[in-house]
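In what follows, structures are represented as structure tokens.
What follows is chain A paired twice: with chain B in the first complex and chain C in the second.
So, the complex of A and B:
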């Protein structure tokens, strides 16, 4: 009876050639850094060794050392937990809240739905940096305030995505069939709508982790995030600025890590999206 | 009498205009019969079927009365309607693939109806789902119960849909163009199955279709709907063989392809069905009717008894001349 009127999906090309395997390799390396930093890092990331300060890359310090004589590679390895960990936490918290919010909005009557979406607009319009400053001012500078402020501006994206999907899926014949057999709206949502929404959300989560990582490191770089001596990647770059003329490695390696990580998540997200569309 | 529809109307408001899709129809359905609602697309047949189960679009306005087992269905709270759908009224739709959820096994979806109405626990419901699959003549029901919809054939999916609709033991089954998506042999099997299940489970069936072949197989009584109005209603035999309303006659001749000589042109009805909000004055069929006269353009024909049928026509076809007249 109903004709599905799916909007034309944005077609995303599947990453070609070695890009996807490389992205997966980066992911494996990041997982190793996060789970077993003690096994991989050759040096202590915190202890100072003033005799070795600002040494260029060598066999003992492959990424060189910083102004405190600490091994930059070891600091990057330990820092993965902070930078990537916070990024993942932000995205998962936002997704969880956004999915629930969006699903309720999509199933609700029109008036309630409208109200809920205007609230989402309110959050969308809020500038991230101003919010981060405000949160940092009220609960103190640190990764927790970064996580909180980014999660506050991040969830509305999920709420909107999920509401749109729910509205689309509600008209699907299998949902109508379930309704015709007296299945309750809650059960319909849980069994006949959410499983399809989750596929869409998975793609978004993957891509978003890369973006969130950039956002977290950017806020740390601006001095709103991690405090020394936490080896957070954004903070490494912030600390490296005075020495850029003489110690390029101190800036370049953490910067490269951020770029590689963000790109890897973006590529994997594209691969998931292209598989969904196919 | 299991269902009684009186002056039922349904319509939509669009740009401040009232568009009436079904305009005051009345009919009764007796327990145990197969009642066929037939009409072109846009005649309002699906909307009527959906409204019986309380599934009309929420934006529609309705009037009149639909009484199912002495319960008024229109304007009944949603929660109460939900309790009736499944245990009292079952529905099957035309597209068996998209009507099954691709992420759950077939058996789970049949069991869901039972669980939703508290008729069985999860384990018991699953057992009953296998029994239901057996009941709709699916070979190896245990295997099919744990298969996903894409793993079974189109005919099996439609059988699974029927099992879903009948799992909670309804007395009324509404089938909205259940055979449209099926090929001819499977269609025949499906109609046979419905007829058998009707006897086994003491069902009343309301079949909504535009397929004359289906009508001929199963109908006890037929309601012909045209542009939201009843053209003719009566016993299947007399409507099929001696149609009195010119529209019915035209429908029947256009369907008799197999009985006409190969070289004869197909009898199509001239013109197209009027769109919503553009119904002509007087008899709604008059612009396409070969028997139309001046009174048809001005006065809407009242419903009246005519032989064994009831119809709304100023100039019905007399029994003796019916088929020849329609063909000429």
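So, the complex of A and C:
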């Protein structure tokens, strides 16, 4: 698995046919899972029900059950807020810091800009997931540390993106005009640059949520994330591995949810990018 | 051109891969064993985990063996006769035995082995730490004196592997620890050939062994390190491995009942998993609180998780162990009303506690989940943290955690006091929750000195009662050992005084 921290592509074809509506539908479902899990999940995601241990999909348990007889669908529903919630938090935190960092770097004098960008290069020079693993392992296990470790590796992508945009925009006539009128650099940044940068960042955020989700679940799968019995998706896959030969559903459905979610965010990101390019 | 070369290279690679794979899969003289871990040492004085015993047990011999069908019955091995006279035991040694390097085995090897083992004080040394002295009477006779009379010495020596005094003398600077860590020269059925770090240990059959091999034994053994249970199961099922250690139970039952496999089942000495509660850290330092947890625990969930291949223990010594008092102990079962009453008595309603679980064992994680679920019914919150083994046991020992999950057993085939040594006595390595009871200490010290079995049985029950009444450990289940064996091989037997092991010298191809 690789984590993309590179700037988003500029020219992207708009997803065709039913792909975009399907992606939007997935997003609506995920929102419902996150906001109303109690109404959607048919069973308690935590309570053990040993009589139903490792039961295959049926009308009662549409995604089957796990080794504790817990309904896999209900665990996926409740797990959405952990996996997706953490992914969204990582991306927004990274975007916030990266935007500020990139904007300051872009507006700063060349020496400071150079120094700030070399720091960014340091982060790009190290394999992202390995760095995240090292950070998460050093600060301790748990979803908090996963969020922190991934945010640490994620922000440089935004910093570089925003710095590039700022360098491009600061030479634009409207910015030059504002500068000639004596408007302060901070006001120029706030009023005449950031609003344009935000559109680009929005596209990147949408696409990155999918990547961040995969990264969060990967770290949980590796044992650095959520602790049992939290129904986090990566942990579900980790827990399911000993039973794969006898209970395929336990691994396949959480895996499918991760794939669908990442794909949906990627498609919507592509749609936003193509709309912006148009 | 590049593409063509690439395709050719790929084809060649696949062909070679296929050839090397088939060399293992179809070679009837090679036995491939998927072990759950890589040894940290193959020194028999230090070996302490299952995948280390896999190697030492097959390379070295012991003075006595025991009957797997009746562990109280001892069998001759490197010693052919033995007798006890108070604190003195005399062993007559087998003639004509040689180490793999050709040197003869004699009484000096026994003395050097035991002296070294006790000086190092690791591994299985706790089984024989009551030895006071070892004396060479003549090359074929050795006398062992114990600190106090003990009826269990010969039985416990069935776990102690004999090394060469010449090897110890050659590497005497550190008691030979550096050398024995990664080299081996035994008298046993298999010889050490090589250790490829991270991959495997290779052994070859010792055709000069004094013991008897079955028809069609394996000339070569590859002990592969496959840390993931699912991978071991898949490799066993796919034919890559001839046998695998610690196959997850669901997979073992599925594979063992599938075409081309049969199941080998048996008892073992383990309470697995056993949940240790910290005696020093609140809230588990409160006896009534511990009682509430023990009574609230859903034992039925554990038995069901083992798909019925388990029972619930009644104490530290399993019922099939020689002299076990377990049948006289009260049944341990879920009693929610009793749990609520005990919790009320403790005054610790809505308490919170943390449980450290060694990662990599689904049963451990599940037992902790059952504890969490059971405690929740009392309003008690259990936070579970999976950690590497050393971190997990350190967490409870350093009072950063209230509970720790592990197995509870010993490796002596008939000395019940050894159930207590590592787990319940002061200083015992697995006594992670720091249990201490002076009466228990005294009882365990006295038990081996009593030659009358009935009297020993009475004292053993007293010792078991002390542990049960303390509510220090939740014995969640006693699962059976279930091993799926391919129909193409035979000879696997379960050692009831262990959880699982591989005795390569008994295995054969059909």
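In this section, the second predicted complex is superposed on the first by the 255 of 278 C-alpha atoms of A that agree within 3 Å, B and C clash if a C-alpha of one lies under 4 Å from a C-alpha of the other, contacts with A are read in each partner's own complex, and residues count from 1 in each chain.
Note that a contact is a pair of C-beta atoms (placed from the backbone, for glycine too) under 8 Å apart; a residue touches a chain by one contact, two chains touch by 3 or more.
Treat the numbers as computed from the prediction; the structure is a model and nothing was measured.
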Worksheet item: Should A:196 be classified as contacting the first partner (chain B), the second (chain C), both, or neither?
Response: first
Discussion item. I'd like to know which partner A:172 touches here: chain B for first, chain C for second, both or neither.
Written reply: first
Worksheet item: Once the shared chain is lined up, is A:163 touching chain B (first), chain C (second), both, or neither of them?
Response: neither
Discussion item. Applying the document's definition of touch, where does A:180 land relative to chain B and chain C: first, second, both, or neither?
Written reply: first
Worksheet item: A:245 contacts which: chain B (first), chain C (second), both, neither?
Response: second
Discussion item. Tell me the contact category for A:204 with respect to chain B and chain C: first, second, both or neither.
Written reply: neither
Fill in: Parts of chain B lying in touch with chain A, wherever the complex brings them together
46, 53, 55, 82-87, 90-91, 93-95, 98-104, 109, 112-113, 116-117, 161, 164-165, 167-168, 176-177
Discussion item. If we count contacts the way the header does, which residues on chain A are in touch with chain C in the complex?
Written reply: 46-48, 50-51, 53-54, 67-68, 141, 223, 227-229, 239, 241-247
Practice prompt. Under the touch definition given earlier, write down the residues of chain A that touch chain B in their complex.
Written response: 1, 4, 172-174, 176-184, 187, 191-192, 195-196
Worksheet, complete the sentence: chain C contacts chain A in the complex at 228-230, 233-234, 237, 248, 250-251, 253-255, 298, 300-301, 304-305, 357, 359, 362, 365-366, 368-370, 372-373, 383-387
